[in-house]
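Look at the two complexes coming up: chain A is in both, with chain B in one and chain C in the other.
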Partner chain A sequence: MDQFLQLVVAGLATGAIYALAAIGFTLVWQTSQTINFAQGEFVMLPAILVLVGTHAGLPVWAAFAVASVAFVLLFGFGFKRFLVEPMQRHGVLPLAIATMALSVLVKEAAKNGFSAEAQPFPSLVPDGMLSVLGAAISARDLAIVVVAVVAIVGLQLFITRTRTGRTMQATAQNPTVARILGIPVERMILLTFLINAVLALVASYLVSPVYLAKFSNGESIGLAAFIAAIVGGFNQIRGALAGGFLIGLIDNLTAAYVSSAYRTAVPLVVLVVVILVKPEGLLGRKEERTV
Partner chain B sequence: MITGTFTAAIALTASVAASLLALGGPAQAADPVKLIDVIELSGPGAPAGTNWKNGVDLAVKEINAKGGILGRPIAVTHYDSQTNPGATRAAVQRAVDEDAYVVLGPIFSGPISASMQITQRAAVPQIVGGEASAFTKQGNPYIFRTSLNQADAMPKLANYLRDEVKAKSVAVVWINNDFGKGGRDAIIPELQKRGIQVAADIATESGQADFAADAIKVKNANADAVFVYLNEEESARFLRAARQQGIAKPIIGETTLLGAKVIELAGEAANGVKGHVGLLVDAPKPGFAAFGKKYQDAYGFTSDHNGIKGYTAVYTVKTITERVGKFDREAFAKTLHGARIDVAQEPGILIDTKWLENGDVDRESFLVEVTDGKPVVKATLPMINP
Partner chain C sequence: MIRRFDPTLLILLVAFPILWVLPSGLKSYGLYVVSLWLVMSIAAMGLNLTLGYAGLTSLAQGAFLGIGAYATAILTTKAGWPLPAAFLASSGLSFAVGVLLGFPALRVRHHYLAFVTLAFTVVVFLIARNEQWLTGGVFGIANIPRPVLFGSDLGAALPFYRLLLCVTLVLALAMWWLLKSPWGRAFLALRENPLRAASLGVDIRAYTLLAFAIGSAYGGAAGSLYAPLVEFIDPAPFALSASFVLLLTVVAGGAGSFFGPFVGAFFSYMLPELLRATGGWYLIIYAAVVLVIVMISPTGLLGLIERWRDHRSQAKAAAARAAAAPTLGTAAGGTDSLGKGATQ
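Up next is the complex of A and B:
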């Protein structure tokens, strides 16, 4: 029982990272009806930028500050302005392919411009153990879960309880009507992309002390988050959240009770089952289109 | 008369030119000798490959500065194996096609096993960094190690676990590739022979990022010690996860676990880790200390055992070629089997080393503990067959 509880907390910590990345898929889908295949690299890159800053001689806090601002500008504003906007008018498929190209570009740039090797990354959360229901739980795992849940709940409250959030929702649901109603659609879409960048930033800073900072980290995180988003429901933030936690749990329980060799395969099996049984995802909303 | 003198002059010139060609005259003597290094510069083996490449470059620079091998400078080319058997095969084939005198690398045992038949067919000697026991058992006369065979290291470790750690049970964590599986298959019988119970036998995957579940399993196995046999990055991630899960039992490993890169990546979590190390810049040998300083000055970080392996691989090529007296691949391979190179004869070899008939090496090794982020040698273990 102790082991099971420990595995559940560790699984939720892993899942929290997947959820933060999965929400990025949802946000980009809602605003541009496309899949951002560079989402995993968005989680990988902030940690690399921090290390570039420290290697350039900046104090750690300054490196975090500079990397955070640079990342949000480049991959929030820049991503929308220089990739999504020019490609969107050509359709969903070219845009999706452009994000694949961006994924390769970011990964290779991180490898060749910084290092192919994993690097230690400073932890914002101290090591330590807490006793919960008789089980020793890692303080860092708990902190990851708490930070991710606070970020996601905060986002949900922002979207549902504030005027700006509601206009964002209206923009996501129908940009044309939103524009007619006088909503500054472009500004709302930009805000969505900036929020996506901030969530990726948080995920990067939480996961890199454990996984180490490496150019290839985005591959596994991006795949797991993509599966989580589909399993939870691609068009719902709460779906991405649930999908992230579920895949994180399955991932860790599979590694512990089956084998590490199957930890990638079992979530894919879950994905196939969900698609067969509930194609819109566990918490997703059915979308109708007129052809 | 004029005609006679002119003819004589032409004959003399032709004779001198022919003599120079026969002797391998000045132009030919300056031709570089081609070493091709197929190494892990990306993928999970990048930390190991980077160290090895740096060691190779350092040795080549030194040897060339002193006139090269038999008067010929070394030209070294590095190809990235991507830690991938397919890419390694392609790179080794390219090295053979480009007429490499000796192929250096790779380090990971899977890519070695997948590519060594190419050099064997072409009769090109290959000096590798791998520790898995299997590939020197295949009767390939052109494959040579720079490190101890894991099958030779494991009995030393099992004795250490029994005699020093006093372990009655051990949790074994290994990486599911040729290196890790070979290590796991070598240590478990050695533990059982000594009456040590295997409390958990945990396979992990190459490139695995999240070790929380494995660390929790290890913790709950409640063994007296944990034996870890993973590649560099995975070792560091496991140590961090073990620290995160509060594992307090002794963590024991073989060379890789105590490497400089693992200690750097694992940070605090590496402190207290113990194990058997084949090559170490901090070992009590003057050659290692000198090499460690040169490496640090050149690259700005401490070399791990792979840096030493790359460096000594090039000095092995130099020493054996000088013993043969010419650039003859077949004679090189024959001479290296059974050869012994002592530091007294060639300081670049760093530690007295003997090659066995199957390409394995025998040399002294060390018991080490990581203290305050530094590997500290606790004991020197002798050669198996001095």
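Up next is the complex of A and C:
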């Protein structure tokens, strides 16, 4: 029972990271109907940028600040302006292909430009174990869940409760009508991409102290987040959230009780079953779109 | 009636003797690179049928490459089969698995199909890595033999390259024939408008499965040649990224055009080898170039040439019109507006 509780908390912590990245998939999907295959690399990169900063002699806080600003500019603004915008008129597939190429580019650049080895990353949360109901739970895991949940709840409140958030939602649902209503659609789309970049940043800073900062982190995180987004529902933020936690739990429980060699396979089986039974995802809504 | 000779066939038959003779001066590494190009062209040809002609987005071609490579490696090293038999068995196996994987494709299309095939690819990779008794796990399978055909040893780099060239030609001719046949036209109809295709009596289910299975069989065939080419296989070259690169290959070359896979494979597999001289940077350069290509021309490199040709013929026509315009213009005032209307 103790072990089970520990696994659940660890699973929720993993899931929180997946959820942060998975929301990125849904945000990009809502604004441009495409899949960003570089999403995992978006989570890998900020931590590498921080380390580049500290290796260059910056104090830790300055490295964090510079890396955060640089990342949001590059992959919030730059990604939209220089990749999504010019590619969008060509259709969904070329844009998806372009993000695949971007993912290779970012990954290889991190490997060659920085290091092929996994690097320790400064933790923002002190180490230590808390004892809850007889189970030892790491403070880091708990902090990850808390920070991620705060970020996601904050985002959800922003979208549903504020004026800007509701305009953003309107833009996502129907850009044409939104434009007629006088909503600055372009600015809203840009805001969506910036939020995506910030979420990836948070995920990166949370996960890197645990998994170490490594150029290949994006592959595993991106794949898991991708599965989470589909399982939960690609067009819903709460779907991505539920999918993230679900996949995180399945991931950790499989590794402990079924087989650690096939821990990646079980979420995939869940994925295929969900696609065949309910393609729009567990919490997704059907899209009335003629393709 | 004399029919016009098909230019695709003409290019294939002209290219064959050139490719037969041209690389003979190369050292074994150069021959390996050219051979790799041929093998990956076969895999890309299969994906081009699935994606470019039938319009099914598959992320499983790397997995079929793996299935073919492992089937051949196991059959030739452990069961002692000759390569031709293993080749047929591997292609057949890939065809059968392709039919099975095609069933979900009947239910879901577009990006959902990409997800299902992505899942399949990861599972195949995990099996290759974890089932050590069968695949050797991370240690892989070594000493995959090259063939001896009709008493002559084709193990050296040049004869093996020429064997690959012959197989590639045969498979390319088969693909050419398939695409020209009513089947090929049915695939196209399926891509353009499934609903209309169905109303015209095209059996969507059967053709979707068939396109998928034949595309997969080409992937398996490529894998079956890849194994003896590299002589050692482990799971790494068949991971998800391999499927991504094959997809990039087909799109960058020109999805839905016959020579697209060859151009794309040149670009994805030969160019990086040539760029290896740049140290670790070759994949970065490669990815950047792919990015530029899809941004400039989402229909791929061949699409770019097509567009350039269209553009030139249009420019020529415009020039011809401009040259003709003064005489017409002096003849009657109304012709000018008429001419404009016709060109719009």
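Operating definition for what follows: the second predicted complex is superposed on the first by the 289 of 291 C-alpha atoms of A that agree within 3 Å, B and C clash if a C-alpha of one lies under 4 Å from a C-alpha of the other, contacts with A are read in each partner's own complex, and residues count from 1 in each chain.
Note that a contact is a pair of C-beta atoms (placed from the backbone, for glycine too) under 8 Å apart; a residue touches a chain by one contact, two chains touch by 3 or more.
Since we're looking at a predicted model, the values are computed, not measured.
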| item | value |
| --- | --- |
| Partner chain(s) touched by A:Leu223 [first = chain B, second = chain C, both, neither] | second |
| Touched partner set for A:Leu102, first chain B, second chain C, both or neither | second |
| Which of chain B and chain C A:His90 touches, first, second, both or neither | second |
| Partner chain(s) touched by A:Leu276 [first = chain B, second = chain C, both, neither] | second |
| First, second, both or neither for A:Leu73, with chain B first and chain C second | neither |
| Touched partner set for A:Val132, first chain B, second chain C, both or neither | neither |
| Partner chain(s) touched by A:Val258 [first = chain B, second = chain C, both, neither] | neither |
| First, second, both or neither for A:Ala118, with chain B first and chain C second | first |
| Footprint overlap on chain A, comparing chain B with chain C | 111, 261 |
| Touch list for chain B against partner chain A, complex | 41-43, 46-47, 50, 176, 202-205, 207-210, 212-214, 216-217, 219-220, 233, 236-237, 240-241, 243-246, 261, 264-268 |
| In the complex with chain C, residue positions of chain A that touch it | 35, 37, 83, 86-87, 90-94, 97-98, 100-102, 104-105, 108-109, 111-112, 219, 223, 226, 230, 261-262, 264-265, 268-269, 271-272, 275-276, 279, 291 |
| In the complex, chain A residues that touch chain B | 2-3, 6-7, 10-11, 13-14, 111, 116-120, 127, 129, 136, 138, 140-141, 209-212, 214, 216-217, 220, 251-253, 255-256, 259-261, 263 |
| Residues of chain C defined as touching chain A within the complex | 57, 104, 107-112, 115-116, 119, 122-123, 126, 129-130, 240-241, 244, 247-248, 251-252, 280-281, 283-284, 286-288, 290-291, 294-295, 298 |
